[in-house]
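After this come two complexes, each holding chain A, first together with chain B and then together with chain C.
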Partner chain A sequence: MIGRLRWPGAGTALGALYMALCYGFIFLPVIVLVLFSFQSGDLPAPPFNGPSLRWYQAAFADGRLVDGFTNSLLVGGSSSALSVLLGFFAAYGISRYEFPLKRAIQAIVILPLAVSYLLIGMGLLVSASWLGFSPSLSTVVIGHVVVNMPLAFVICLAQLGEHQRRVEAAARDLGASTFRVLFSITAPMIAPALIAAFCLCFTLSWDETLIALLNTRFDVTLPVVILSLLRGGVSPLTNAAGSFIFLCSILLMVVVELLLLRQRR
Partner chain B sequence: MREEAHLVVEDVRKLYGEVVALDGVSLAVGATDYVVLLGPSGSGKTTLLSVIGGFAFPSAGRITIAGKDVTALGPAVRPTTTVFQDYALFPHMTVAGNVGFGLRIRGVAGTEQRRRVGAALEMVGLTGFDRRGIHELSGGQRQRVALARALVVEPQILLLDEPLGALDLNLRRQMQDELLDLQRRTGRSFVHVTHDQEEAMALASLIVVMNKGRIEDLGPPQRVYARPATRFAATFMGESTQFEGRVAERASGQCLLVETPVGHLPVTGNLEAGSQVTIILRPENIRAEAGGEIALGEARVREAVFQGAHYRVLASRQSPAQDFVLRLPPQAVIEPGMALKLSCAAGDLVLLQR
Partner chain C sequence: MRAGVSPPTAESRAQARARLAGLGFALPAVAWILLFFAAPIVIMAAYSLMPLGPDGRPGPLGLGAYETFFAESAFTAALWNSVVTTVVVVVASTLLAYPFAYGIARLVPKRWRRLALAFAILPFWTSYVVRSYAWLLALSPVGFINHALLGLHVIDHAILFAYNPQATELGFVHFFIMLNALTIYANLVQINPHYAMAARDLGASAWRCFRSITLPLSIPGIAVGAFLTIVLCIGDFVTPQILGGFRGLLLPQVVMMQIQRQLNLPMASVMSLVLTLVVALAYLAMQRWLRMARL
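Up next, the complex of A and B:
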C-alpha cells in the first residue's frame, strides 16, 4: 500500500503523528499531574516554579494522608491475598475436576468483571447494613475481593494446562495427596503468575475509589482521602499524593510485566 | 514355563462417552516380565497403561496386583509408578529434589533419603547431577531422572508411556539396552507402551499387540513375530507375503491342504474344509531358489531396494496374481524384471483364519 503513495515517507509520518497524539492524549494529564506535584507555589497551575519537594513533605506530614496510605496498604494487601487464594482454588477446581454445571459456575465466577463498581459498592453497603454491619475497611476488602478475584481466577486458569496436569499426575503417582500436590507442585510451578496476579489485584485495589467511598466512614483509603481533599479546592498537595499513588502502581505493573514476560519465554 | 501371575487384568472395559477405548482386555503378567503394549495410536494401549496406573478407572473389569484388588485405588496408593511420555519432571526442583520427592512423601528423610537418591542416580548413570536444575539437562538425561524418580520408591511395577518417543535413534537404542539392564537388575516388572515394533521386539519378554481396544495377540516376541495369531498382529509386527485361500481338504489329523494362487499349500491347523483362510510367510523365510521343501512358482522382480544388510525385494506373478516380499543377500545381483524361482519350508507357513 505504502509503495503506491507519491511520497513513501508520508504514510509513516502520518502514523507517527497519530501515535504521538494518542500517547499525548493518554499521558499529558499524568505528566501535568506529576509536574505540578513539584510546584513550589500554592497552586497546581502554570507558571511552574520549582522544582521543590515541599508538597511531598507536606503530604507525608499530613495525618489523614498517612492514615489513608496505611489503610490502602492494608486493604490492598489483604484483598489481593484473598483474591489470589480464592482465584487459585477456583481455577484448580474448574480445570481439574468434572462436575455438573461446570460451565455455569465458571461464568458466575467471572461475572463480577462485567458488573459496575457502583452496583457492587451499593449492593455491599445495603447488604452490610441489612446484616447489621457498619461500613468499615473489612467491607471494602470484601468488595475488592469480589471485583479482583475473577481476574486472579482467569490468570491462574491460563496456567493450569495439559503439561501442568501431567506433572501433577506424576506427583500423585509418587504418593502425594491433593493438598500436597497443590502446595508443593502446582503453586510453586505457577508462582510467577500468582505473584503477578497479586500485584495486579493490588494495583486495582490501590486506586479503587467508588467501592471504598461508599463503604467507609471514618477509616478511609488513600483515594478517598484525596477525593475529600479535592473538595476543599486544588492544591499541589493532592498532586503529590496522586503522583505517589501513581508511582506505586507503576512499580507493581513493572513487576507484573517482568514476571509474565519471563514466563512466556 | 511362565511364572505365576503378578499383575492380572480381567476383562477390563473403558468407555469415554460413546467411544470404546478398551473392549474387554484380559492379561496376566509375571513379577519379572518386561511387557510391551504394542499398537497403533488409538489402539487403547495408553488407556490400558493409565488403567493399570490408576489414572483412569475401568468402566468394568478388575485389576489385581500381587493378589490385591487395586481396581478402585488411585495412583498414589498403587504399587506402581509411571515414567511419563514428556517425563513430567518438577521444573522448580533440582534433580535430587525430583528423585527424592516420592521418598519425602513416604517420610524418608535425612541421610537415608540422600543415600537412596544417590543410589538411584547411580543406577541411571547420573551420579553427581544432584544439584543440577531440570532445565540444564538434555532429553536423555531428563529421561534418566524420570526413571530414577519412579524407581527410587521401589514400585512393584514400573509403567513406561512411550518413554523413548522423544529421543533420536542412537540414543533410543542405547536407552533400550539400559532399560533392559535396569529391569534385570531391579527384578521388577516393567510395562512399556510403544507403537514401534522393533523397540517392542528388542525389549519385551511378553508382547501384547493391541488394536481397537482389544488384544490381538499376546506372547513372547519370537512367537508373536513368527507365528502371529491374527492378520493384524502379522502385519503390525512386520512385512509378510500373504496367500489368500480356502481349505481344500483335511488330511490326517492337524494337516490341511489350502488352495492358493500358488497351488495347494500344506499347513497345520484345525479348520473345516471350505473355510476362507490367509497364509502368511515372513520375507526372510522365502528362498529365491527352486530347491526348497515347497515350491512357490516363479515371480518377476518389480522392485529391489538396498537396505544395507539385505535387499528388500518386491516380486509378483500374473494369472493367478500373487505378490511376494522377500529378502536377498546384499551381494545378490538383482534387476527389475528378473525371474526368480521361489520356495519355502513348510514349517514357516502360518495359517490365519479370515
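Up next, the complex of A and C:
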C-alpha cells in the first residue's frame, strides 16, 4: 500500500509482469513443440539445428499417421455433422414450441456436459462388449456425438431469437410448410452459428483421445496414433505431426472467430 | 384433455399438433442421449455387479467387485492420488488464473482484450496429447529447461523432471489455467463497474473494494471453472500417462490397465462409477458452498 502511494504505477507494473509470466508459461510447450518440429537432427531437444522440413516429410510419408489423419477427419466430420443436425433440431423444437416435459428434455440433452469422458467411453465399451460388437470407429462417432451434441444444442439455442421468429411466422403465413421454414428460413439465418458449432465440434472430436482409445483397436484416430508413437520415446516426428494438428485447429478457430464476429456487427 | 369435454376445435387441434411437432424436433437428440449415454451407463452399472473371480470366470452376482476395490490398497491409493491431484490442480489453477483473468479484464485496453484472450487460449488448440508431449520435451533430461539451467550453472547435472506426480500436476495446471482464465474473465466483465466505483467514492481502499465487492461477485465464475476442472481432471488418462509415468498411478490409469491387461471390465466399471460418484459429491459440496457464499 505504501509503495502504491509513492509510485502509483507499481500495481499496474506488477500486474503486467505477472501477465507476461503467465503468457510465457502458457506458450512455453507450444514453442518447444513447433521449434523442434523443424529440427534436422534425431532428437527434439537443444541445441536446435535446422530449420529443416525433414520430419514433416517423414510424417506425411508415415502410413500410421496418414491413416490416423484420415480416420480423424472421418470421425470428426460425421460426428460433428450429426451433432449439429440433432442439436439444431432440438434447439428449434425447444425454442419454438410449448410442450410437456420441456425442462426435463432440455436437462437430459445437456447432461453429458457434466460427466467425464471416461464414463462415456467406458459405458460404450462395456455395452459394445455386452452386445458382441467389436471395437470400431463408428462407436467413436457415437461417443463424440454424445459429448458434442449438447454443445451444438446450447450454441443453436442461444442464436434462435425473436428476430428469426417473426420472419418464420411471415413465411408460414405465406403458406410455407414447417420443414420448408426450417430449411429455407431458419437454418440460413443462423448459418454462421451452425458453421461455428460444426467447427467447434470438429476441433473437440479431432482432439478427443480417451473415448477413441477405449473404443478402437486397429483403425485408430490421430491422437491415439500419437499416443502410441510416444511409447517409442520422443522424436521430432511427433513434433511435426503435433505442429500440423495445431495449425489445422488454429485455422478452424479463425473461421469460427470470423463468422461469429461478422454476425455480431 | 379439453378435447374430451368439448368437441375438438380447429384451434385445440392446432395446439396439439404444435405440441407434437415440438416433441418431434427434440426427440432425435433425446433418443440419442438416452440410447448412447444413459443406457450404456445402466449397462455398465449392471456389469459392475457381475464380478470376475480370480480365475477370470464370472463370480456370484453382487457387490463383490466393489468390496475388492475398497479392500485392495493399490486401488484405493490410486483413488486417493486422483482426488489429491484434482484438489491441487483446482486450487493452483484457480489461484494462478484469477490474477491473470483480472489483468486481462482490468489492465488491457478494451479493444485489445479479445486479442489478449485469444492469445491466452491459443495453446488450447494444440491436441491434448501433443500438449502433454510438449511438456515432456521441456522437462526431459536433455530438454529445454535442463539446458537453460545447466547453461546458467544453476545445476551441474541434468535432472529428470518428468515421470512423477508433480509433472502430471504441472501439465494439468497448464491446461486448466487457460480454462479457468476463460470462465473467470467471462464473469469479471459482467460485473457492473459502478459498484466498485461507488465503494471507492465512499472511501474504501483498492484492496478492501476488491475483497468486499469484486471477489464475492466473481465467485460464480470461479465455481464454474472449478467444476469443469474437477470433471475433466479426475477422469483424464492422457496427462498422467505421458507425464506421470508409473509412480503414483491415478485411477484412470488403473482403469486402463484393468481393461487392457486384466480384461476385467466389471472392475473397470466399478472404478469409473466410483470416480463419477466423487464428481457428484464435489458438485453437491460446491452447490452448498455457493449457497452459503450468497448469504
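Heads up, the rule we're going with is that the second predicted complex is superposed on the first by the 260 of 265 C-alpha atoms of A that agree within 3 Å, B and C clash if a C-alpha of one lies under 4 Å from a C-alpha of the other, contacts with A are read in each partner's own complex, and residues count from 1 in each chain.
The criterion applied here is as follows: contacts are C-beta pairs under 8 Å (C-beta built on N, C-alpha and C of every residue); 3 or more make two chains touch, one makes a residue touch a chain.
The model shown is predicted, which means the values in this text are computed figures rather than measured ones.
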Per-residue touch tally on chain A - higher for chain B or for chain C: C
First (chain B), second (chain C), both or neither touched by A:61: neither
Touching partner for A:188 - first (chain B), second (chain C), both, neither: first
Touching partner for A:176 - first (chain B), second (chain C), both, neither: first
Partner chain in contact with A:167 - chain B first, chain C second, else both or neither: first
On chain A, the residue positions that both chain B and chain C contact, one per complex: none
Residue ranges of chain A in contact with chain B within the complex: 163, 166-167, 169-177, 180, 185, 188-189, 191
Interfacial residue positions of chain C with respect to chain A in the complex: 18-26, 28-30, 32-34, 36-41, 43-44, 47, 96, 99-100, 102-104, 106-107, 118-120, 122-123, 125-131, 133-138, 140, 142-144, 147, 174, 177-178, 205-207, 231-232, 234-238, 241-242, 252, 255-256, 259, 265, 268-269, 272-273, 275-276, 279, 283
Complex contact set, residues of chain A against chain C: 1, 4, 11-12, 15-16, 18-19, 22-23, 25-30, 32-33, 36, 43-46, 86-87, 89-90, 92-94, 96-100, 102, 105, 108-109, 111-112, 114-120, 122-127, 129-130, 142-143, 145-146, 149, 153, 178, 203, 206-210, 213-214, 222-223, 226-227, 230, 234, 238-239, 241-242, 245-246, 249-250, 253, 257
Contacting residues of chain B [partner chain A, same complex]: 53-55, 74-77, 80-82, 84, 86, 88-92, 101-102, 105-106, 149-150, 153
